[in-house]
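Take a look at these structures.
Each of the next two complexes has subunit A plus one more chain, namely subunit B in the first and subunit C in the second.
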Partner chain A sequence: MLLQEGSAKMAKEEFKSLEVYETGPTLTFSMGPQHPGTGHFRMVITVVGDMVVRCDPDPGFVHRGEEKMCEYKTWITNIPHLERPAILDSAGMTYPYVLAVEKLMDIEPPERAKYLRVIMAELQRICSHLYWLGLMGVFAGHATMYMWCFGDREYLVDLTQLIGGQRITHSYFVPGGVRNDAPPKVPRELVKDFSRYYRMILGKDYPGGEMPEDFRKYVLAVCDFFDARLDEYYPMLLDSPIFIYRTKGIGILKREDAISLGVVGPVLRGSGVKSDTRIDEPYDAYPYIKFNVPTMDGCDSYSRMMVGYYEMKESVKIIRQAVEQMPEGPVKLKQHPVTIKVPAGEVFASAEAARGQCSFYIRSDGTDKPYRVKICSPSFRNLIAMPYLIRDVRIADIPIIYWSLNYWPVECDR
Partner chain B sequence: MSLSDVGEILARLIEDLKKKFGDKILEVNVEPKKITKVLVAPECIKEVAEYLKSEWALDYIKGVTGIDLSRLPNMAQEVLEVIYHVGSLSSEALKAVTLSLSTKISISDPVMPSLTSVWKGAEMHEREVYEMLGVNFKGHPDLRRLLLPEFWSDKPPLRKDYVAPGRER
Partner chain C sequence: MSILRDAKRTLMPIYAGLKHVFLKPYTIKWPYENIPNLPDEGYRFDPKAGIGYPGSKGRHLLYMEKCTGCGSCDLTCQNIAEAITMTYGFDVVTVLDEKCYEYFKEFRPEIVEALDAILGSFSAEPSCIQYNSLSSFFWTPTDVKQIIKVDGRYEIKLNLEPIFDVRAVEVLYQKVYPGVKKLKVTGWELGKLEAATESASVELSKQDLTVSVLVRKIDMGYKQNRRSFFPSVDYGRCVMCGFCVDACPFQALEMTNEFELSALSRRELIYTPSMLAKRPEEFNITGVPPELNVIERARMVFRRLVW
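Presenting the complex of A and B:
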């Protein structure tokens, strides 16, 4: 509506008296839970202009009561539902549970099972990191990375399907070994499909020789292929000016803060702390394998992504060594009935999941069901970093910081 | 680091704690490879925690567990146990060590001091124990619900007398 001439001043005063949005200089709003950038997770954000002054994370939208459910199910039937909080990284999530039950039962898996577990855990770490890197690419305005990561992830998921029988959520680990052995031969169609892509990336033929379907050769070929792809990722995303501009110096978590807040995984190592459960408290076949723990001193979002990138390189190294060193033999001590009884006692066990250290506290009262299972999941431990990092930053930086933490809402809520 | 080194360090730690606090250490549960747990009274848990952080550099919180012990066999009274799992990152020698510091409180009056002033990272963990087991942490900066819905009005769900819907036996 056009204002009448001469009444402009009055209209202004009238408008002032009608102002109902008087909230002071700040504005509080919710980001999520249906925002595509956060997953099922909400942040209550207070802003002044474009600057965030306060962030209050509000998880719980996907809380399923896993810990209570553990008390109703038996020791074996707990495994399939315990990996649901992190389906991309189901091995990392069930690993500490299985280690804890083994410690309570005082058993140790056969040698071959130890290596198969390591291969599976590292494959899932790569799959989970690729998901992270791909979505980080989307939020940094780099959609190519999303396509690349999800395209290459397919061949690694094929490999986990070959070993575990499922694409995701394998329930592969059981107390006293793994559920089944890796197949000696790979289906011919899979090799045919993969060898085409292999030639495209590496510029040479698939190293099949007389036995192109051999499992060991196939895994090593996938490792070679993925290593070559990782080298292409670096100039594409991590050295790209768009990405560096969006992530460098954003979301700084100092070394002392990282330790005192108790964060884990790439977030901790991105702040320059060299800590990895695979090295500090080695379990299964990790003591026999040589690998590095990448750390970065930048303490920002860029460092955390770089740690994730180098971790994939190390995982490829681990898979190669594990496949070459893997002995023949049985893969489990015995087939447990569903109603095994575990001796009474309490145990605290940790393993390095894709997002960081995952720990289980388990108390048994000697029956066929756990008395209490406590899951200290990596995302829950990284949650506390959010109010510290999302402060004095711009609204546009929130998705970058959020994804650099590799936060997975379901894993946090359990 | 081999397992015997970790065991030795933990044995020395517990010896030191016993010497320093005497009767305040109610119970010590050492199971090699499984857990090393020190049980103290709720009144002096903060004192012990501060000592562990300043003298033993245990500055890294790994988790806080709350358990309802009332359904365990041979349990005379109804109690809740709260366990702090702590490790160290600033000391290279203690990286593989996890110590569990625990305390027992009665289920009728579940109050204990908060350890967020000692380990800042315990904030979210204590909020979870608060809503799941109804433990009231005195001195917590922001004791609110975390995972449960706003409309939750039943018992704290991880207590043993709460039965999940559809699971009645």
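Presenting the complex of A and C:
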């Protein structure tokens, strides 16, 4: 039987102080395999009463062999399957790959492509965070938040569809730029449909002026709309006592522990560490854009959610600046669209995906295929915090802690 | 004070949510309502400038008059989804000799049952579904098209659309054999089988009658593509990344904004070149959606009028 003597004793003592009935020996059982939000996952849990003594996460149900697959496909045709581990954040997953290949080829994309990449990456970050926040509503028993997040997400997904052609998996980034420019015009029906919601939420008319179908104006209007909606989210979920009592003080990851465990992204920033790849090692157009990195000192599930919430606000700020600063010009280097030559060598590159720092190590032997691709995905880095956090908590708190880590099994298993 | 704060916190969500009761819902009642967010343009690629045009990545559109059958799209897709297969167009001809033709004119039962079985085999259900086999449901011969006399033998052409497949043998096995096998009961015997990539034939004989079924490649009359070698797409596998469009050096392949590709069987998801050549507006296999009931329709009218 899986049992840790010390913690079991502690839990039992706590039970006595609470005047709960004596349960006797510990019980080990398997929670799952099931599909908690984002992918198949199982954890083996040891309990005393309803107090969790030990938790063993068991990933690997959705292992796809992405790293091995990369060795059999060419440099460009690797992109569609590499965005599959995190389909809601496909830009964040392919960004480091594209950066690494560019570093290896010693090329730099045109200026306009850099801004388009930033816009796409931030839109995907917001979409991913909305999914996080919406499903947190479901996990905490708040169905309205789920509906709101998915309703607002539609307009952001529409925007990515206008740029990338698809709703989620765009295959938009390629080494040497992006595959196509931003559209010159937005469909008239979409503007008509959107302007109605804009008026509903902001109480004023859509600021189209003479050119309501202009892409730049439409993006800025969507940013305004979404910023106003985020202000409504705060009283709805994040300031409501139901949510606060469920999440505050649950799953405490101290600052020192977070650093020593090596977690990344909102989990690390929720523990008060100001670490972000966009600031620490800026890439593409991020050095030209002013934004903050939100951190919270609560170290619990609530601060992790709040970091996600404030990050969405920062992303809106970034998109607004990027659209205004975006220069005219080409968006892609002139090269063969499918077959590119990559010299031999090895390279490491990382980018800030929605769930944290995503890194790629690539080794090339000068052929048309990579020799080795190693993916270090953010969910894999955050998984290690799970057995540490799900200990000496009640069974009812497991979903909250699990989902406050924004853990994606598919991204972790690769 | 904390009680007051908690009371405010409890009431604020109700206030924030109450506003939305009187606003129009986000939901679009597809397929009864149009989806407004779909760009009209499909994704295209300009090989000279080396850059794509923004647009929806939906079903492909093939320009048969531009396609040269180079197979670049197939080669690219081999590395991504293995959805595209290059295919030839085939035709099925029944060849009768002098005696059989006399019998055919008199409508003798021996020869009628043979022709019936060959015709019927095209509409028969496939015995099993094979991966990457391209025999699709779409060909149902309605009639005999024409009878030509060649070298003292009579060729009966069926009223068929061109059958697209990788090899002629596949057409023979998958389309002709299911019906021909039934003829064994009435005394017909399967004779010599010739199998090759571009043509295949099988002989049927009963006493002194001989009928042969011939599968042969057709020339579709495109000057730049004498082999009539075109891509077919299996939408059960396609991931709509659009790299095949990038790879085409002749702008023969585009994408459209059609996304309603669902089908009732896996076989219907295989789109042949002649299906890909049709524009979305002239080609609709999904059919009309089921009728709405009175209450739903009234609610839709109400929504449209009020908001």
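The rule is short, and it goes like this: the second predicted complex is superposed on the first by the 383 of 414 C-alpha atoms of A that agree within 3 Å, B and C clash if a C-alpha of one lies under 4 Å from a C-alpha of the other, contacts with A are read in each partner's own complex, and residues count from 1 in each chain.
Convention: a contact is a pair of C-beta atoms (placed from the backbone, for glycine too) under 8 Å apart; a residue touches a chain by one contact, two chains touch by 3 or more.
For clarity, every value in this text was computed on a predicted model and none was experimentally measured.
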| task | Determine, under the contact definition given at the top, whether A:196 touches first (subunit B), second (subunit C), both, or neither. | result | second
| request: Please work out whether A:50 is in contact with subunit B alone, subunit C alone, both, or neither, and reply first, second, both or neither. | output: neither
| Thinking of the overlay built on chain A, is A:67 touched by subunit B (first), by subunit C (second), by both, or by neither? | first
| task | Once the structures are superposed on A, label A:374 by its partner contacts, choosing first (subunit B), second (subunit C), both or neither. | result | first
| message | Going by the contact rule set out at the top, does A:297 touch subunit B (first), subunit C (second), both, or neither? | response | neither
| message | Quick one: is A:169 in contact with subunit B, with subunit C, with both, or with neither? Answer first, second, both or neither. | response | second
| task | Have a look at where A:232 lands relative to subunit B and subunit C in the superposition and call it first, second, both or neither. | result | second
| message | Output check: A:324 vs subunit B and subunit C. Expected answer is one of first, second, both, neither. What do you get? | response | neither
| said: Touching residues of subunit B toward subunit A in the complex: what are they? | reply: 1, 29, 31, 33-35, 37, 59-63, 65, 67-68, 71-73, 83, 85, 89-90, 95-96, 98, 100, 119-125, 128, 132, 145-149, 157-158, 164, 167
| said: Taking the touch rule as given, give the residues of subunit A at its contact with subunit B in the complex, in rising order. | reply: 59-60, 63, 65, 67-69, 72, 103-104, 259-263, 268, 273, 275, 280-281, 345-348, 350, 357, 359, 361, 363, 365, 371-372, 374, 376, 380-381, 383-384, 413-414
| Of all residues in subunit C, those that touch subunit A in their complex | 6, 9-10, 12-13, 15-17, 23-24, 26, 34, 36-41, 43, 45, 47, 50-57, 72, 76, 79-81, 239-243, 246-247, 255, 307
| message | Help me check something: in the complex, which residues belonging to subunit A touch subunit C? | response | 73-74, 76-77, 79-81, 144, 151, 154, 158, 161-166, 169, 171, 179-183, 187, 189-190, 192-193, 196-197, 200, 232, 235-237, 239-241, 244, 330-332, 334-335, 337-338
